[in-house]
C-alpha cells in the first residue's frame, strides 16, 4: 500500500490557533509528518512606525504587541529609553511598575490556562480562569482606565498613582486567589484523560531549546534554570524573595506545571511589593505629561526583561534627536513558535493542537 | 578581524568586525561560552547597513555585542551555529533586504511573496501603495493597481 | 385491558361518529390502519422534537450552573423561549451550498442522521398510564430494530464528510467510521446478555421482566458499565466527540453545513442524548414498569430515570477533555470488547444458576 501524504492547511482562521497562524501540515492518516508555521497575518511593522514618532508616542505600539501582557511590553521599551536618555525614576514608581508587571503575568497565564482547556475540548476551565482574570482587570481599570490597552507605564515613572479603592480590592484579590488557583489546577490535574493527553507529548530537549533561543516557561520546563529576574535583575527584583519553578519533564505536562507554579510565585512577589511600597512621587517631574516630548537620546541601548512568554527587550538606537533612529523588538513568542516543527514530528493532529497551546503564542508579538 | 571595540550607552561591550571574518569571530565567541543568540538586528545607516548580533550566555549574565557593516547587502549565514538564526535572517532579508549566503530557505517571512521593496530601509518609497489579493491556486498576488486589491 | 395509542385514536374517531368506511375504496381496513398509524407517527415526531428542545434548554442551564454563570435568562420567563428564538433564526437563514460538493449526497446526508433517530423513538415502550400502555407498535423485535436504526446515522455522517469536498470533513468522516465500528460491537455483545436473560427481543417484555424480578443492572453490572460507555460513544459527546472535534477540525464532518441543515445535525446530537438515556433506562433499569406497590404511573418512573441519565451525560460533557483517536481505539478493542465477552460468560453462569442446574 502506497503512503498517501495529505497536505492540510490549518488556516489563519481556526478556533484553536490562538490568533492568526497558518500551519502547513503534512499528514499520513492521522500522524503529522511536518508542520511549518507561516506567520505575518498581523504584521503592522511597529518598528518602522516608531521611527516617525517621539519617544513617548511609541508606547502605543509597544502596548499593542502582546495584548495579554501589556505592562511587560511597555516596561521593556521604557527601560531602554531611560538608559539611553539618562532619566531617573523615583522609588515609588519602580515598585509600582513591579507590582503591575507581576499582576499582568498572572493575568496572561490565566488566559493561557483557559484557552488550553478549550483546545482539548474542556469548556469549563475557561470560565473559571476568566472569572479570576476579571478581578485583575478591575484592578487595572482603577489605575489606568482601560481593560486591554493600558498605556500606564511611561518614561520617567508611571502615569497615575493608586486610588483609594485599590487597597481593599487588592487585599480581597490576594486573599481569595490561592484557593481558586488550586481549584482551577485541580480541574486539570485530577483528570485522567488530561494527564494521558499531555504526558510524554511534545518533547523539547534542552539543547534544541538553547539553539533556537527559546526562553521563558518553555525553557524552564526543559530543565534549564534561566530567568532574567534572577540572572540580571532589573527594577528591584533582587530585593524580593521568590523562587523559579523548573521541571525536567520536557513535555506538555511539564510546561503546564511550570506556568501554574509561576502564578503562585507572582502572587508572592505582588504581596511583598505592595507591603514595601514607599510613599513619594510617581513620576519624574521633568517628564510629566507635556514634558515627555523633550526626551532626546544618543547611542544604543538594550535592556532585558522577563515577560510571561520569555525574554523581551527593545534595542533602541538614537541619533541625538527627539525621534528614535531605529527601534528593534525582540519578541519571545517568535522564537518559541519557530521550534514547533521539531516538537511535533510523529504525533497525531490532536497532539499538534495541544502542543501549540502549551507554547502560548500571542500573535501581536510574533508578527509585531 | 576586530576593527573597533568599545562600550555602548547601557554599559555593554561591543566589537566591530570585518565582513569576511564574521563566521570566525562568531565561532570564537560561541566557543568562549556565548551560546545564546539574544537578538540579531539590522540598522540602515544610509551609506551602509549594519547587522548587530547581541550574544549572551545561558549560564550567567555575560553579554556582548558584535557588529558588522555591509555595503553590498550580502553576508554569510550563521545558521550552522544557531538554529534561531534561521528565522532571524529571514526577517532581516524580508524587511531590510540583506541576503545571507548559505541559508537553507531564504524567503520572506512577514510580507507576501511578491512584495516590491524592503520596508525598513530609509529609502523605501512610502507613497506607493501595494495591494494584496489571492490567486486561484492560493498563492499571493501583489500589485500597484488598486483594482487588484481585496 | 391494555389499549395501545393506535387503538385509542381509532376509538376516538369512531366515538365522534366519523364513519369514513363508506368513503374508502376496497381494502378499507388497510387505509384505516394507515391513517391511524400516520397520526401516531406525527404525534411522536412532535413529541420527540419538543422533548429535544427541552433537553437543549436543560443542557444550557445546567452547563451554565456548572460554569458559575446563569445561562439564557432574557427571552421568556427564565429563558425558556430562547430555543424557539434560536429555531426561528435557523429557519430563516439562507441555504448556502458550496460549489464543489456532491449535489444529491450533500443535501441528503442530514436526513440520514436525523430520521432513524426519530424512528427509534417510536419503538420504546413509554410505560403505562393507569391501565393504558403507551406503545406505538406491536412489532415483536423492537430491540433488534433499534440496533439496526442506530447503525444508520454514522453512515449519514460519513456521507456528509465525503460529500463536502473538504479535507477537514474527510478526517471527521473517517473518525466517525472508526468510532462507530469499534464501539458498536461491545454494545451488541452486552445486549446479547440481556436477551439471554429475558428470552425475548421485545422491549416491552424486557421492561416487564424487570418489574417482576430485579433490574438487570444489578444482575449484570459489568454489562451495564460496558453498555454505558458504548452508548456514551454512540452519542458523540465529549469525551468521545471525535467526528466533530470543535477545536481541532472546526466541526469535523459538518463544517460546510449552515442554517437549517446544520440545525438538523444539532437536534440530532441532543435527540440522541435523550434517546440514549431512554434506551439505557429501559433495557437495564426497567424503565416504564410500575412499582409493585404503586401501579399506574410507569411513565413517570421512565421519565425520572431518563432525566437522571441525561444529567449524567451532560455533566460528563462539560467536565472532561477529548480522548485522542488512537487511545480511543485502544480502549475499545483491548478493554471493552474482552469485558463484554466476560459479561457473556457471567450471564451464562447466571442462567444455569437460575434454572437450577448449578
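The first chain written gets the first letter, and so on, giving A, B and C; residue counts start at 1 in each chain.
We take it that contacts are C-beta pairs under 8 Å (C-beta built on N, C-alpha and C of every residue); 3 or more make two chains touch, one makes a residue touch a chain.
Small disclaimer: the values here were computed from a predicted structure and weren't measured.
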item	value
Shared interface partners, meaning chains that touch chain A and chain C	none
Central chain (by mean CA position)	A
Averaged-CA centre spacing for the pair chain C and chain A, given as whole angstrom	47
CA centroid of chain B to CA centroid of chain C, Å	61
Centre-to-centre distance between chain B and chain A (centres being mean Cα positions), rounded to whole Å	24
Contacts with two or more other chains, residues of chain A listed in rising order	none
Of chain B, residues touching chain A in the complex	8-10, 12, 35-39, 41, 43-44, 52, 54, 58, 60-61, 63, 82-84, 86-87, 95, 108-112, 119-120
Chain A residues within the chain B interface of the complex	39-40, 43, 45, 47-48, 80, 83-84, 208, 210-213, 224, 226, 231-232, 298-304, 311, 313, 315, 317, 325-326, 328, 330, 334-335, 338-339, 367
Residues of chain C that touch chain A when the two form their complex	63, 66-69, 167-168, 171, 238-239, 241, 245-250, 318-327
Complex interface listing, chain A residues touching chain C	6, 8, 14-16, 30, 117-124, 127-128, 131, 187, 191, 193-194, 196-197, 348-351, 353
